[in-house]
Every structure is written in C-alpha cells, then in structure tokens.
Amino acid sequence: MSAETVLKIEDLHKSFDVEVLKGISLTLEPAEVVCLIGASGSGKSTLLRCVNLLEPIQDGRIEFLGEEITAPGVDVDGVRRRIGIVFQAFNLFPHMSVLRNITLGLTKVLKTPQAQADEEAADLLARFGLADKRNEYPDRLSGGQQQRVAIVRALAMRPELMMLDEVTSALDPELVAEVLDVIRELADSGMTMLIATHEMSFARDIANRVCFLDDGVILEEGSPEQIFSAPTNERTKQFLQRIIEAGRL
Amino acid sequence: MRAHGASGTRSTLIAVASTVVFAVVVVLVVSNSPGWPEVQRQFFNGEFFRESLRVIPKAFLLNVRIFLIAEVFILVFALLIAIVRSLPGPVFFPLRALAIVYADFFRGVPTILVIYLLGFGAPALQISGIPRGELFWGVVALVLVYSAYVSEVYRAGIDSVHPSQEAAARSLGLSQAKTMRYVIVPQAVRRVVPPLLNDFIGLQKDTALVALLGPVEAFRQSQIEVASNFNYTPYLVTAILFVLLTIPLARLTDWLVIRDRRRQLALGAAR
Amino acid sequence: MRKQLVLTLVLAVFVLAATACGADEAATPTAAGTETAAADPCAKDQLNLKTPGQLTIATDNPAFPPWFQDAEGAPWDPTTDPTKQGYEAAVAYGVADQMGFADDEVKWVVVPFDNVFKPGPKDFDFDINQVSYSPKRDEAVDFSDSYYDVEQAVVTLKSSKFAKATSLADLKDAKLGAQLGTTSYDAIVDTIQPSKDPNVYTTNNDAIRALKNGNIDGIVVDYPTSLYVTAVQVPNATAVGRLPAEGQEYFGLVFEKGNPLRDCVNQAIAKLREAGTLDEYAQKWIEGSAPPVLK
C-alpha cells in the first residue's frame, strides 16, 4: 500500500438534465473507510460512478493515487482495473459459473494463466465461506451469496480502492448480515473503501469518516460520533431523525 | 401443472375424448362432402405420393445444403452488423450509418428480387474473378437478406442485456471489445433464440427461391411432377418434408429457452 | 287368291308402317328448321363459342418471334393491338378466316403456358402457343390436328466446347437447361440423358440469361424458337443440332376437353394444308437452314 492519498476529488460537478453533483470535494487516505449517507437521489451512486469513470463530468477533477484520471487521454480500462466497485444489483454474469465470474477479469485483464487464476479464485472464495459454490451458476445463489461473490470478484483484481454502492439495499434483511461481515473483514484488512449505504449502525461501526450528502452537496462531514450523535447541520439532523423514527438506527 | 388424483384423471379423459370426437367429426364431414373424391384424387393421391417419394426427397437435400451453408454465414455476418450498429462515438458514425442503410434496404426489398438481381445480374457483368455459379449467388442473396433481419434480432438482444452488466464488466477493467465478447453477446444471443429460430424457419422455406436460378430443389421438383401429371399430390410431399425439418428445430429451441430462462431471470434484484 | 290378298295386305301394312316411321323422322325438325338436309354444325352461327359471334384465342405474354411479332419484329404483347405477323398469328387468322370470322371478330386473351393444358374449363375457344401434343396432356385437354410439325433443337454459345457436338453422346457431359413443363425438358431427360441433372427455369428468358452467363452449356427449345434465339436474343449462340424423336412431335391448338369446336377447326386446318397455305406461312416466317439431327 502506498502512503500517498488514494483518492482526491476536487469540486466535482456532474449534470444529467439537471445538475446532480454541485461541487463535491473529498479525500481518501490509505486504509481509510469513508461512508456516504444521504437520501435517495442525493447523488451517492452518481459520485461513485464518476470516480469509476462510468460517467463523464462537467467540471472539477479526480486524482487517483496521484494521477489525474479525469484528464483526456487517460487509460480508462487501466484505472478501472485498480478500482473495485460493487453495485446494488445485476452484478454477476448469469451465463458463467461463480468461479468463471471471478477468473474472467484475472485471465482477460490481468493476463493470469488459467490454472493460477482458478487457484486464486478458489482461495478467495474459501476465505469468505463460498468454496462450495464454486461451480454453481449465480441463479442458484441467494442474494446475499451473490453479493459476497460480487465483492470477491472485485477483490480478485487486487484493487487499491474498493467502492460499494448500496450493496445491501436490495437484500432481504436476514441476508444483510453475511454481506456486512465480509465488508467488515475487508476494512479490517486495511482496504481503502468508499461505501454508500443506508445501514446506519454499520456505518457508525466501521467508518473512519462519514459524509452526509444532500442534493448534490456534502452538507456535513466528520467522524461517526460527530455525525450520528452530534450533527451540526439542520438538514443532517432532520435526516437522522427520520432514520431513527424508522427504527433503522 | 399436473392435476393429481381422481379429478386429474377425469380431466385427461375428457380432453382425450373431446379430441377424438372432434377428429372423427372433421374426418366424417370432409370425407362425405360431395367434392371429396375429386379432391382426394387431385391432392391426396396414393399412387402419385409414392412416385414423388422417389424423386423429391433427393431434391430436398439441396434445400438442406443451402439452408445449412447460408445459416452459418448469416449467424456470423448479422452479428457483425449488430455490433457495428452499437459502436459508440462519432468516429464510427459512417460505419453505423452504413449498417443502418444495409438493414433497411435488405429488409425492404423482396427476397425474390434480390435473388433475380444477384443470380442473373452479377454473372452478367462478366467481371473476371467474380464467381458465376447460380448456387453461389443464390446463397449470397439469402445471406444478405436474412442477415438484415437477424441483425435486428441480435440488436434487440444486445439492448435487452441490463446496462449494469456492461458496467460491471467495464469496472473490472475489461475493454469494450472484451466486454461485448465475453459478457454482452453471449447473454444477448441466449435471449433471442426464439426470434432467431423464427427467421431460420423462414430461411428454410426461402431456399426454394434458389430454384429460380436453375437448380432443381424440392419445390421445383414437385412443380416438374405436377406439370407432367396434372396432379397436385407432389406438393403435399414437399410440404411434409419442410414441416419435418421444422419440428425438431422448434423443439430444440423450446429446450434451449427453458434451460436458459432460469439463469437469465435469476439475477434481477439480488434476492 | 286369298293368299295373294293376304300377302298384299301384309305388304301394304309394312309399306304404310315404314313410310309412317320415315315420315316421323322426316318430320322431326332439324336445328336448321329444314326437313330435308341436316344443318352444317360448323357454320359460323352453329359454333360452340365462349362469346357468340366472336372467336376468342389465347396465347402467352409476351409472344415471341417467329410465332408472333409486332410491326418492328419484336415480341408481341397480346393486350395491345393485334398482329397478323408471325407463323402462329398467320395460322390463327387463317383458321378464323376459313370459319367465316372477320379480323375484328377475333379476340385475343393471355394464358400462361403451363396453365393451358391443365384440366378444367377454359376462358378461350382455343389456345395457340407452341403446345406439343402428348398423350398425357391429351387426357386433360383436346388437341387439334398438327398445324406445325416440330423438332427440338440444342442451342449453345458459339464459344462452347459443345458447339461442335455431332452426336447425342457428345452432349452427355453438358449442363443443359429448359423451361419448366415443356417437351424440351422431356427431350433432355428422355433423349439426351445427360450425366448432370438439367436446370429448370420458370421462363425461356431465364434459361437464355443463364446460357449467356455461362451457368449452363446449352438450352433445348423447339427449332423455330432457336432461330429467334440465335438470330436476335443471343447472337453469339448457335443451334448445334436437332433432336431425334420417337414419333413426329407436333403443335396443336388446345381446346377445353370435349369441345366440339375442335372438329370444325380441324376442317379449317385441313383446308389450309391442302391449299398449301401452311407451307407459305412456314416459308415466310420460319426460314433458315436447319442444323443436322443428332443421333
């Protein structure tokens, strides 16, 4: 792990028909876990997709490990290789087995020989309790298992930054815990992570920093204790109040 | 859904009984109609049926040959066109436009015209190096026409793959080409097997059009029989042969669809 | 005496009975209304016609030389102004004239070649379209007597290696073609029996196009048609030879089965033949030195 700043976002502006991100600035240091919280539509997913260069930006810049990745002429595939991202749904490739889902990137992008890739994938699956699902097709897995495999797949590429976009939001409640365990283990192992989530207890537990996103702007940023116990911004308070009333905190 | 128990057996019995009654009624009505003996003599004549069986199946082999060769080229060429249509960015605009013009043109022009124009016109140009065989140009015409239809089917399949699949693949660092090759196209093709089969059933029958250029395939052979005997039973033989070719393909498609449906539908929301 | 009387009486009775019967027969009105002679069934007003007073003749579209041609010598379209030029045009108007029809009482309709000799009712009085008599066809329709004795001919490009063929054996390896449902096709299959299956075309023009393109080595058509093909349609083609036939193939006019008009037309043809008119027509429209018969 390098000692330099992993991710530096400066005054990011992104529009679809309307402006969705209105000047986001954010930094991630190595091994930091930053959680993004906020209402739906606040721009969390869009922000992650911009970092992964899945969306073009209108203004601002993003630096990843010291390199400006929003500059023209950047090797986009190369950047994406080093950033892992897991989405909320439709993650796994349904026409491939679990093992092949994981080894596809290893063999076709990292050019790992097939046998070695198979071994690495099997090891990772075993580490996260999925060894027996190796040859299954994704349709045979529960939602929680699928998301765990998706995380393993991103991990197999040995990224220097992992981004998780509401990965438990589409899961049945009893399946959420197993996924959170995996994320926790990743964080403990020192992975730099940017996590968008609705799971407030989990965020309070795992994050080094929490950012509250509202209407395209980071309204408040701080340690979990600060944000959850003593928010200063009025809208942050309102948001947290609604969450508490819904019994999610 | 299989019904169990007494009510299930009863429903089966009723179904069988009503089918038998229906069939018997149809047969009785038809065979007692005043025109039936004449129709039977003209269309269902046992002697001419047996006679045609000596020559038409052999000619049908030509239809099968044309169909198999054309199908391979169509599957590949149509996929190329569909992929060209989906190439992003302004630099590829001329290629995309060409693909659009191609698909519009060859779906618009009647197949029979394409066969005539290419089959008789191309060799007439007398350009050295261009093949002159009538089967060659017949197959080329069929490939050009059907690739236009099939490319649209592929395109629909490609568009139907959820965009998150492409996002997930690109996020691993896979290039656009590799994403298409390993993730998008394999899923797209599996999704469009039924409409693909529909187009191929059409192709099977359109192989008969190659006869316009001279070669004697099954339909032309039956025309020859009909012309010399003034009996239409040979057409029946040809019809049966075409249907026999279609049935196994249709059942194969059903099986493929059922097998893949599970996998495709599974990954909506991760449940 | 009494015997003689009885005999005389018996004779008288016989004579009376005979004359009575004869008178009955004579008294039965004939169609013409006279009591003595039977009327002429081929008189113009007695003919069995689709439209009374009009002779409806069918042929194909386009109708090719030397059988039909327009003022410029090009193929004729029966839906346009009528023509008397061409062998079959001449025969048709010759027959019409013999039967008492004026030129403007002749009406032309179009019937595609392979519909002519299918069984069933017809929309014409007769068809004239190079239809050869065959026993099979005769089961479905009725033919007149011959108005032209015909032979089949093989046409190839002058540059073809088969252009030099002098026998049937020389054509064994040729890829030949003919129109669907014709005696030309039968001639290939029955007489030449080539090693390669012949190609079959929807029209003669398609076959000629294939010949020009080099897809087939030769086509088989009737001899007079080969004249037009080699003279006008494919100038670099040649008629290699005529094909032998078991009997004499001939063209007949085609009638709906059982049509009594056929007999009257036969009379007209016979008159034209006796007067040498058919030969005149042939000399005018179908001249040219015929190629040898291949054996």
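General observations
By letter and in written order, the chains are A, B and C; residue numbering begins at 1 in each of them.
Rule of thumb we're sticking to: a residue touches a chain if its C-beta (ideal position, glycine included) is under 8 Å from a C-beta of that chain, and two chains touch if they have at least 3 such contacts.
What you see is a predicted model; the values in this text were computed from it and never measured.
Closest to the protein's overall CA centre, chain by chain, comes B. Ranking all chains by how far their C-alpha centres lie from the centre of chain A, first place goes to C. The geometric centre of chain A is 46 Å away from that of chain B, both derived from CA atoms. Annotation: 45 Å between the Cα-based centres of chain B and chain C. One inter-chain figure worth recording: chain A and chain C are separated by 90 Å, centre to centre, where each centre is the mean of the chain's CA atoms. Against chain B, the residues of chain A that register as touching in their complex are 49, 52, 54, 77-78, 80-85, 87-95, 104-105, 108-109, 137-140, 142-144, 146-147, 150, 153-154, 157, 170-172.
Considering their complex, residues 162, 164-165, 167-175, 178, 182-183, 186-187, 190, 260, 262-271 of chain B touch chain A. By the touch criterion stated above, chain B contacts chain C in their complex at residues 120, 123-124, 132-134, 211-216, 220, 223-224, 227-230.
Residues of chain C touching chain B in their complex: 114, 117-119, 136, 139-140, 177, 180-181, 185-186, 197-202, 206-207, 209-210, 212-216.
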